[in-house]
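Reading through the structure tokens given below for one structure.
We just call them A, B, C and D in the order they show up, numbering each chain from 1.
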Amino acid sequence: MLELANVTVQFGGLSAVKDVSLRMGSDEMVGLVGPNGAGKTTLFNVISGLVKPIHGRVLFDGVDVMHEPDYKRARLGLGRTFQIPQPMHELTVRENLVVAQRFGAGRVDAARIDEILELLQLTEQAGRDAATGLALQELKRLEVAKALATEPKLLLLDEVLAGLETQGKRLFMEKLREVHARYRIGILIIEHDIETISSLCPRVVVLDFGQIIADGTPQQVFNDPAVIRSYTGVEHA
Amino acid sequence: MAELILQALYSGLLNGGVYALMAIGLALSFGTMRVINLAHGELVLLAAYMAYVVESRLDLSPLAAIPLAMAVACAGSALVYLLVARIRKNRELNSLMLSFAIGIIITNAVLLIWSGDIHSTGSVSLQEAVQLGSLYSMRSELYGFLASLVLVTLLWQWLAKSWYGRAVRAVSSQRDAAKLMGINPAKTELISFLVAGLLAGCAGVALYSSSVIQPSLGHALTVKAFIITVLAGVGSVPGVLAASVLLGITEALTVTLWSSAVQELAGMLLFLLVLFVLPNGLFGAARRRA
Amino acid sequence: MNQRNFLFAVLLLATYVLVPAVFGDNNYVMGLIISALIVAGIAIAWALLGNLGGMVSFGHAAFFGVGSYASALLTMKLGWPVLLAMPMAGLIAVLFSAAMLPALRLSGPYFALAILAYAQIFRILATEMDWLTQGAKGLSRIPTLPVLFGIDLGSRSGSYLVIVTLLAAFIACYAWVRRSHYGTALRAMHDSEQATRVVGVNSVMLKAWMLFLSAFMTGVIGAFNAHTINFLEPDYAFGGGWSVLPIVAAIFGGYRTLSGPVIGALCIYLIDQLLFKSLLPTGHQIMLGVLLAAMILFAPDGLLPLFRRRHA
Amino acid sequence: MKQRLLWTTLAAAALSLPTFAEEFAVGVQIPLTGAQARAGTGMYEGIQTAAELFNKGNAKHKIKLAVVDDESNPAKAVSAVEKLAAQGVVAFVGGFASNIIGPASDASNKLGLVYMTAGGVDNDLTRRGYKTFFRVNNTRGYEKAVVTLLGELGVKSVSVVYSTKEATADLAKDLEAALGPKGIKVSMHAFDPAITDFKPIINKIKLQDKPEVIFMSAYENDYVGIIRAAKVLKPEVKAVIGVWSLATAKMAKDFPDLMPNVYGTSMLPHPVEFKQAEGRLFAETYKRLFNKEPDYQAQFGYVKGQLLFEAIARSADAGTLKKGGLADELRKTNRDTLIGRVTFDASGDNPNFQQRIGQHQAGGKIVIVSPKNEASGVAVFPGLPW
């Protein structure tokens, strides 16, 4: 359902993403890994329309979305989160979800919002001011909740698990599996921790220096010498 | 026709010099604090009235008023800074409104003290015609332009070389990082406002010496200075001079080639064009404005 | 009926009945109130753009001037009835505001001064296009408001009813937008535009709508003013006062509240004209400057929230 | 200060009154702040002088002035008229610019009260056909004065530099229309009131138009800019002519090296040499009240005040004042004044009005040089400030 074809992004003459092509199906859960600065977030920005590639195409549900602006892509079913949570300021947690649902999904359905709040354990916090009243973990859950409220077909999760302690991380992983199963949506998730990603995703894509260097099951990928080199930094040292 | 255009270019160039004196203070305080001092034009006007006072009361050349004009404009600028720095909430809007209110106060204070009459220098030597080949100007305009060149160069060097200058630049690009480097942003900002005041003082004297002042002029000066700041882009001192000259020349050429009734129109259109097409200004460091 | 609604009903009744009944014979006081309400109308439109759209404008005189010229010309040259020309003038102001769409990308002071530039450009155009606007000479003998259902809307009391009705409609419209999901999304956009866009909000479009709505309101108020003062010239119609006074009023009353701009306009205008003017015949605006500066320093949310806080 | 002076004089006058004098309040709506403050203040001083003189010379009737500043704003002018009407004034005198006089006199007409003015020269004002509206001067009078001067000087070509303000643009366009048929070559240069550097315009005049005369339809700040630019570029013209607020003692004093030989409209020479006793009395009283020489604004203020006050007295004597007879009484006016003969036609205009032209001459003097029969001296022509 998502197809990237030869996507290349340049920032001031430097290629952040080089000729990346990738396909993923509508019910897949794919991990995107790679060292810092490998171009993972940039790729997300290309998919969600925040960054324009100098060439390449992005197809979603078989439709070329290259010329669709960011908000239209959200309406088409591309939900995303940010690495540093970006709650909507001056709004309560519930209002955050209402706006996301009203504009992203084009409808108002309080029951579904309650469901999402419940699922992400934000029911208690629903009335709090989103920007000032939440702890980091709650903010990360709100990121996912907002994206879910737009009723996406594909969820792009940018390091939602980073920074959580083991217990919290396990809990969150369960939630993600539940989301994936209940709403039958594709998930593309950026994550650093190899263990986490291996247990969560049946398929892993590795990005380094803006290029895909491996794509397969966690088993295959993490045994790939190229991946090991890039992760241990032998070549870079 | 060629002679007309040459003279227009020359007039525009000299006018641009005085514009630069007015604009550079605004650009500096905007650069460091991200605050547009909407009372800047009124400070320039206040300085101009100091020149008037010195000339009419003490019977001295307006040039002798430069120290007084600088002192008054500096004090005013520092006051604006100290008040604006007190604002905690919604700083962008409230600092605009506060400095605007100060502008209203200055304008009306000038009206109350000196009434609505027009004033300009009576000095014969300043008004004398100076001829360079086939190009003409008033002596005061030439002085103003030269003073502008010197001051802009000095400021540029100061910002580039001195410790304070580097601090000013550091604060304007990364306030928080500057703090970590041991720079006191408040002090740096105050210094930039003081320097803005000094320049406004010179601009006021130049204004009084080459054109006519009246109490309601301040607001128009602020707007012109802001237009130049936008044209120049944030963070470039020579850019301000270049943008000022560009505006001066655009205005003069509009009069020559079209009509003086639309001179202001040309300036405004230039402003909008640059704003929309080159969001970083003509000479600004790359930085998104939207 | 709860207490709030009851209070509201009393207030409405007093506004519509009591004020004309008490001051109706005094053209001077009614004139002052109408002038204050004209400022209030622009202040509401300004606050709507500022509060919901997050955009501070320094050039609402642009819409005011366009609205007033549009309505004057429609009635004088095309013979339109005044009450039809007024809303049309609002739409024409919207049309002109469309020229400002590129400015929506700009933030803060850049937007504010870009709009100011538009006001200047429109003023110069109105001066230069004398085949249409009679240039600097201006338009005089603009038709007054008509007689409707036996009420002479051109009289002071009649004009009062018209402007009060306009203001009530504006406030109702403002309140509706603010309460709607659009209002919520607009609120969110101020400090987190990107986060709002990626959940599907077309932020530029929403801002554009606020600009249009604000321009429409200001244009209609401009038209109303043209038909009450019966005279226009470019320097007057596009004068800086129409941009400045409403800002002062809105900030004074509290620009994030619904009634703040109206209360602010009434306070500022009436205090200035009745008190400051008699204390300080020349340069009494200095007091306005002092008042505005003091408000921003000591009560940046305006009079209304300050008052509420005291009584909370 | 001025106000206190007025009050002291009024109080002194009141003390010396016979007790049965009837007092009439006259409303003065005039700009004392804002863009037209300078002119408005001068005119107000003239009106005060007229009231002072009227009260001294008239035992039976007293005039009391009630003034409201219109802040150069039409809505506030209307408010002022309504406020004064509520205070019971019998008529209005005042206004300066046409755009403010228009709405203000609309309001006074609605109230059925006489509105007497001297500032607004726009022809549309008298086209309204109000019975209550009276005006002692008009654009036509300025235009006639300039046309007469150019005729007397034998000028064949003129470049008109004018501000895109109402009165200045109006006069410039009327002049263009009047001079064309006389075979005088006219070139027009409009400028935005905000501009300060006139060299590009003057250079166009110097190199392209090459006229005999530069005519300025503008205000003080523009005059200074234009003449300075002309002094720098020195176009080969024979005279520099302006209109209002130019041939004044103040300009001679403030800009001594810009003014020599410059022409401008002026009813009075300077130092004031009044031929009639009335003029001398006016100048003396004005000087006593305000401690300065009267200028032309004061003079217009004086004349419009004087004519109105006299008509009020006549109407009160005839017992028609309360019955709306003031307008009829005012329309009967036919007398010589400091600005020449004044009568009013059906629309309230003064068809006799013609400005005079003064020239700044040696020793800071202003000499009336046109029309010939009113002249107090001979024009220096060609004569330039450089």
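Note that contacts are C-beta pairs under 8 Å (C-beta built on N, C-alpha and C of every residue); 3 or more make two chains touch, one makes a residue touch a chain.
Bear in mind the structure is a predicted one, so any value in this text is a computation, not a measurement.
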item: Shared chain contacts [chain A and chain B, defined touch]; value: C
item: Central chain (by mean CA position); value: C
item: Chain at maximum distance from chain B, centres defined as averaged CA atoms; value: A
item: Whole-Å gap between the CA centroids of chain B and chain C; value: 32
item: Geometric centre distance via CA averages, chain D-chain A, whole Å; value: 77
item: Cα-centroid distance, chain C relative to chain D, in whole angstrom; value: 36
item: Where chain D touches two or more other chains at once, by residue number; value: 33, 37, 164, 192
item: Overlap residues in chain C, where contacts from two or more other chains coincide; value: 124, 127-128, 282-284
item: Residues of chain B whose C-beta touches two or more other chains; value: 111, 261-262, 264-265
item: Chain contact graph, described as a line, ring, star, complete graph or other shape; value: other
item: Every chain pair meeting the contact rule; value: A-C, B-C, B-D, C-D
item: Touching residues on chain D, where the partner in the complex is chain B; value: 33, 35, 37-38, 41, 164, 189-192, 194-201, 203-204, 207-208, 220-221, 224-225, 228, 231-234, 250, 254-258
item: Complex contact set, residues of chain C against chain A; value: 181, 184-185, 187-188, 190-192, 194-203
item: Residue ranges of chain A touching chain C (in the complex, touch as defined); value: 48, 50, 69-72, 74-75, 79-80, 82, 86-91, 95-96, 98-100, 102-106, 108, 131, 146-147, 149-150
item: Residues of chain B touching chain C in the complex; value: 36, 83, 86-87, 89-90, 92-94, 96-98, 100-105, 107-109, 111-112, 219, 223, 226-227, 230, 261-262, 264-265, 268-269, 271-272, 275-276, 279, 289-290
item: In the complex, chain D residues that touch chain C; value: 3, 32-33, 37, 69, 73-76, 78-79, 82-83, 85-86, 99, 102-103, 106-107, 111, 122, 124, 128, 164-166, 168-170, 192
